[in-house]
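Consider the two complexes below, in which subunit A is the common component and subunit B and subunit C are the respective partners.
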Partner chain A sequence: MIATQKQYYFSGISIYSVRFSFWLQSLFILLLALAMFGPIVNLLIWTVTESWYFPNSLPSQWGVKYWLQVFNPYSDVSGSLLTSLLIAILTVVVCLLVSVPAGYALSKNSMPFRVFWMLLFLIPQAFPNLTVYMNIARLFYDFGLNGTLLGVVLVHSVHGLMFSIWISVAAFSSTDPMLERASRNLGAGPIYTFFHIVLPQAAPGLVASCIFVFLESLDEFTGTFFVGSPNINTLPLLLYTASMEGNYQIASITALILLAPSILFMVIIHKFMKPEMLSKLGK
Partner chain B sequence: MTHLHIKDLQAGYGKKLILNNINLEVRQGEMIALLGPSGCGKTTLLNALCGFIPLSHGEILSDKRVISQLPAEQRNITMVFQSYALWPHMTVEQNVAYGLKVKKVKRADIETRVAELLNVVKLAGLEAEKVTALSGGQRQRVALARALAIRPDVLVLDEPLSNLDAKVRLSVRHEIKALQKKLGFTSLIVTHDQEEALVMADRIAVLNKGQIEQIGTPEEIYHHPSTAFVADFMGADNHIVWPIQDPGFSLNINLPPDDLSIYFRSENVSISLQATINNELNQQQNEGLIINGTVEQSVFFGNSYRISVRSGKHIIQAEHYKHLPGKTPVTLHILPEALHIYAADVKSSVLEKN
Partner chain C sequence: MRQMQSHNLWLVAPAALMVGIFFLYPLCFSLYSAVTLDGGGFTLTHLYKAFDLYSKDMLFTIFIVFVSVSILASLSVTIAALITLSPFRSLVGLLAFLYRLPLFIPFIVTAQMMRTFLAKNGLMNNAFIESGLLTPMETISFLGWGGIIITFVWKQMAFSTLLISGAMAALDDSQIQAARNLGASRFRVLVQIILPQITASIGIAMVLSTVTIMSVLSVPLMIGTGTPTMMTADMAFRVNSYGDYHVANALGLVSYCICGGLAYFYLRQNLKDKGAIS
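And now, the complex of A and B:
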């Protein structure tokens, strides 16, 4: 009897707490959704707004006028989109040139001071961005690199190298050393082996690292601001000026343009990132 | 094909010495099995041969040419890897042709050679298949064809059958042996399976703790193991340390009075049911080791029964054609030539089964 009573007592508590936690959970999810999608919805609305004044909760006039303005070939947006793409592609090239040999070397356990070299590429990220970029800008000023495309590409590469080195070390580490041995065994020298056996094995990881570098470069603001402006105008810089001027339509459309490649590439990365490679990350 | 000569070889990883004082000659067209328990250094020896790890001492000669200082790609010793190490981004044909392409052989010649080899290993028709789509046995044969394509001086096989299931293993074992006979390549095969070594090899080198314990033909290794380790490893499953102060045991051979380690195989133990006929046995039958005991257990083994016989605190394994019930008193008799006798050392007496 006592046992049954106890059971009732406990089941009463548990039903009560389930109901309570259901509402709590719903509220939590709602708030989370609002926090995540609220700004995006707001942004989407702004892209198709022609006029929207306080205290209206919705725009008073809808339209795609600003889209036409943005995609006008002579507009600021088209120009900075091209600049952004060019810088991103060059940054990817620079990062690949460094991270392929470095990643291969660092993937070998025999490499001296391996951990030190790996950490070296993390250090710029360890300090506050502003300090790093201000000092880079000061240095670049001495070399005449301020306001040049090369300067901006180099700044983006400093940032991108962290991703590309760490990911390519993981990519090379996940290749089977026996495959390399088999190639040497059949008479191929180290360089032939690298290009015909090792590189194809590591390729998916390297593609993933390129995508990260590309996206990071496309979204980069602080470094470009200190080193590139006012001569070099990338999309994030344009976004900044547009929002400062209160031109929310242009800013929102620019943001949407920046969002598109991120989503596209995230899907691709998802395909290229192999679990065995991810498990080697940072090892 | 080539004569391979390993002289005083010493090698290891970093400061850890794995192989010591290895001397081995592989004659032209011969297949030698390196046999030993895991961790004895047999794979390390292959790695040293192929140039994947440096030697700390000694040299390797391939037809009088010193190859121990050459990089791996210049040795012309090819390997069939335990994991096969096929390149997953290539087809069967590309895998087999790789070595020839590296050597810049003419395209037409590559095609004929690859077709010829795929025929030999019975993979014709699978040229365009990705290696990842093949079964274990097929991958094994691609690896073999790939290693043979460049006509190596020596072919080494690192536990080539260990990743195959039992049935495929038996057939591939015979295929490799037949191929070796047919093409006559000089080869070394690493294995930890004594049966595999006995069937495939012309000679067997038994390795223990980085040293060669014995080299000989399969018959020599099986019937005349030169050390207690070899006897034990080659399946002499009974081990006793003599003298035994037990009335159940009597040994009638001329032996030095020292402590002895005696090994013998269960298949060489003959069982007779009369427990007390010792004195009535004729002189010839009386030679060797005689043990009186009782049956402890009898297990069906297909072609025979495996009988465990207890005598004092020892248990002796024997084979018998029929089942014997427990507690049956029996007399075991082992002929002198079936006894492998060594001077006992501390280590082997630890192994004593009691």
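And now, the complex of A and C:
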């Protein structure tokens, strides 16, 4: 009798402590959710606000007036959107042209100084890059590249190279070397083999690297701020100008336009990007 | 074979040239420009001037980096530990979704969100007023150092938690099981089994976060309130308003030193743990 009572007593404690930690963790998640969604909801509210002044907790006037203004064909936003997309696509092309051969070469273990090359492409992400952008702008000024599309594309490409090279090395490393050798043994030339046997196998990885480079270019602010202004006006620069002028509706709508591809990409990648995978990157 | 290797070098050359011309050359030039006169002689005047004008901002930057990285480390470890050890799987799924939310949100968008969210009349203060926690007169604007820290932590948390929970997931599960079977509490498993094995990953996440905080320009410009401000904003101001590249590059040199110093302490600590240095 005493024994069972004791047992009850202990199981009571453990049930209480489990319940307590469940509620504690739920509370933590709730707070985290508020902190994560709060700013996002605020941004969404601003996009459909017409006026929102001090004592009002929510906008005093709702409406889509600013959406019409933004999507007016003569507005700055549509122009900047086109510029941003053009720059992002050109950046992807440049990165692809440069990183496909480099990624293929670096995927071979016979490559001399392989670690050195891999580290070289890591450098643009390992230094605070503001100082570099500032000096690139000065350098470009001498060559007349400041404020040109080419200048901005070059700056974005160097920034994106790390993603495109590291991901394409991983993509080419996962191809089957036996298929390549078989193709060569059957008499195919090295170039034919590369385009018909190796490249199709690496394609999914290369597409992933393109998405990364595209997003990086679309969202890049600092480099464009120094190299592109005042002639090249991308969406992030427009967002910044609008926000500094206190035009929060235009800034929020621009932010939402920038957010759309990022969210879309996250939903796609959520399916196959696991933290376990990230820990293997570069090994 | 040797011929094939030289082929491979040609394949890497364009990418290497691009990094060399558009990154390494400007990087070296910034270091050179920080310590030379226009004529070419060696000088420390630019550094003196940078310290003279901006020493307050340097301390401010170090303070921001230190506080943000400390908060980041404790939050990321907490979330990653909950994901690894929590017995409530439904909560874990929710948490894994939540922390990844800002991963692909650009810094400039985060800055804009926070600029409106943390303001005196932002949604955060309004929510406090509506819930009765504050009266409209008690609200304060978080734009300034607090806002800068909140923005960096909000955005960087996804990345650092991803790295740390990846490291935790890669650990051998049987160790945790063994410790649990021998009666260790979950907290003790975290402190004595998990954390000692993933210090390297935590270090990498924090060094990379520091580099990010030191290179983002939009956040101090949009969330900061003038003085004191972060060194990134000072550099942009020096270049855009005065065309003074020397002092801007001297500030750049200081920011490299801050990052380099942190990386040095991390490496030293790492080697010490492995017993390489006594």
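In the analysis below, the second predicted complex is superposed on the first by the 253 of 283 C-alpha atoms of A that agree within 3 Å, B and C clash if a C-alpha of one lies under 4 Å from a C-alpha of the other, contacts with A are read in each partner's own complex, and residues count from 1 in each chain.
The definition used in the following text is that contacts are C-beta pairs under 8 Å (C-beta built on N, C-alpha and C of every residue); 3 or more make two chains touch, one makes a residue touch a chain.
These numbers come from a predicted model, not from an experiment.
Chemist: Report for A:R184: first if it touches subunit B alone, second if subunit C alone, otherwise both or neither.
Modeler: First partner only, subunit B.
Chemist: Would you check which partner chain A:G63 touches, where first means subunit B only, second means subunit C only, and both and neither mean what they say?
Modeler: A:G63 contacts neither subunit B nor subunit C.
Chemist: Check whether A:V158 is in contact with subunit B, with subunit C, with both or with neither, and answer first, second, both or neither.
Modeler: Only subunit C is touched by A:V158; subunit B is not.
Chemist: When the two structures are overlaid on chain A, which partner does A:K108 contact: first (subunit B), second (subunit C), both, or neither?
Modeler: A:K108 sits against subunit C, while subunit B stays out of touch.
Chemist: For A:D219, is the partner it touches subunit B (first), subunit C (second), both, or none of the two (neither)?
Modeler: Only subunit C; A:D219 stays clear of subunit B.
Chemist: Is A:G144 touching the first partner subunit B, the second partner subunit C, both, or neither of them?
Modeler: neither
Chemist: Which partner, once the models are overlaid, touches more of subunit A's residues, subunit C or subunit B?
Modeler: Looking at subunit A, the partner in contact with more of its residues is C.
Chemist: Spell out the part of subunit B that touches subunit A in their complex, as residue ranges.
Modeler: 50-52, 71-74, 76-79, 81, 83, 85-89, 98-99, 102-103, 146-147, 150
Chemist: For subunit A, which residues are in contact with subunit B within the complex?
Modeler: Per the stated touch rule, the residues are 176, 178-179, 181-189, 192, 196-197, 200-201.
Chemist: Touching subunit C in the complex: which residues of subunit A?
Modeler: Within the complex, subunit A contacts subunit C at residues 18, 22, 25-26, 28-29, 32-33, 35-36, 38-43, 45-46, 52-55, 57-58, 97-99, 101-102, 104-106, 108, 110-112, 117, 120-121, 123-139, 154-155, 157-158, 161, 165, 215, 218-219, 221-222, 225-226, 236, 239-240, 243-244, 248, 251-252, 255, 258-259, 262-263, 265-266, 270, 274-280.
Chemist: Help me check something: in the complex, which residues belonging to subunit C touch subunit A?
Modeler: Touching subunit A: residues 1, 4-5, 7-9, 11-12, 14-16, 18-19, 22-27, 29-30, 33, 78-79, 82, 86-88, 91, 94-95, 98-117, 120-124, 126-127, 129-130, 136, 154, 162-163, 165-167, 169-170, 201, 208, 211, 214-218, 221-222, 232, 235-236, 239, 245, 248-249, 251-252, 255-256, 259 of subunit C.
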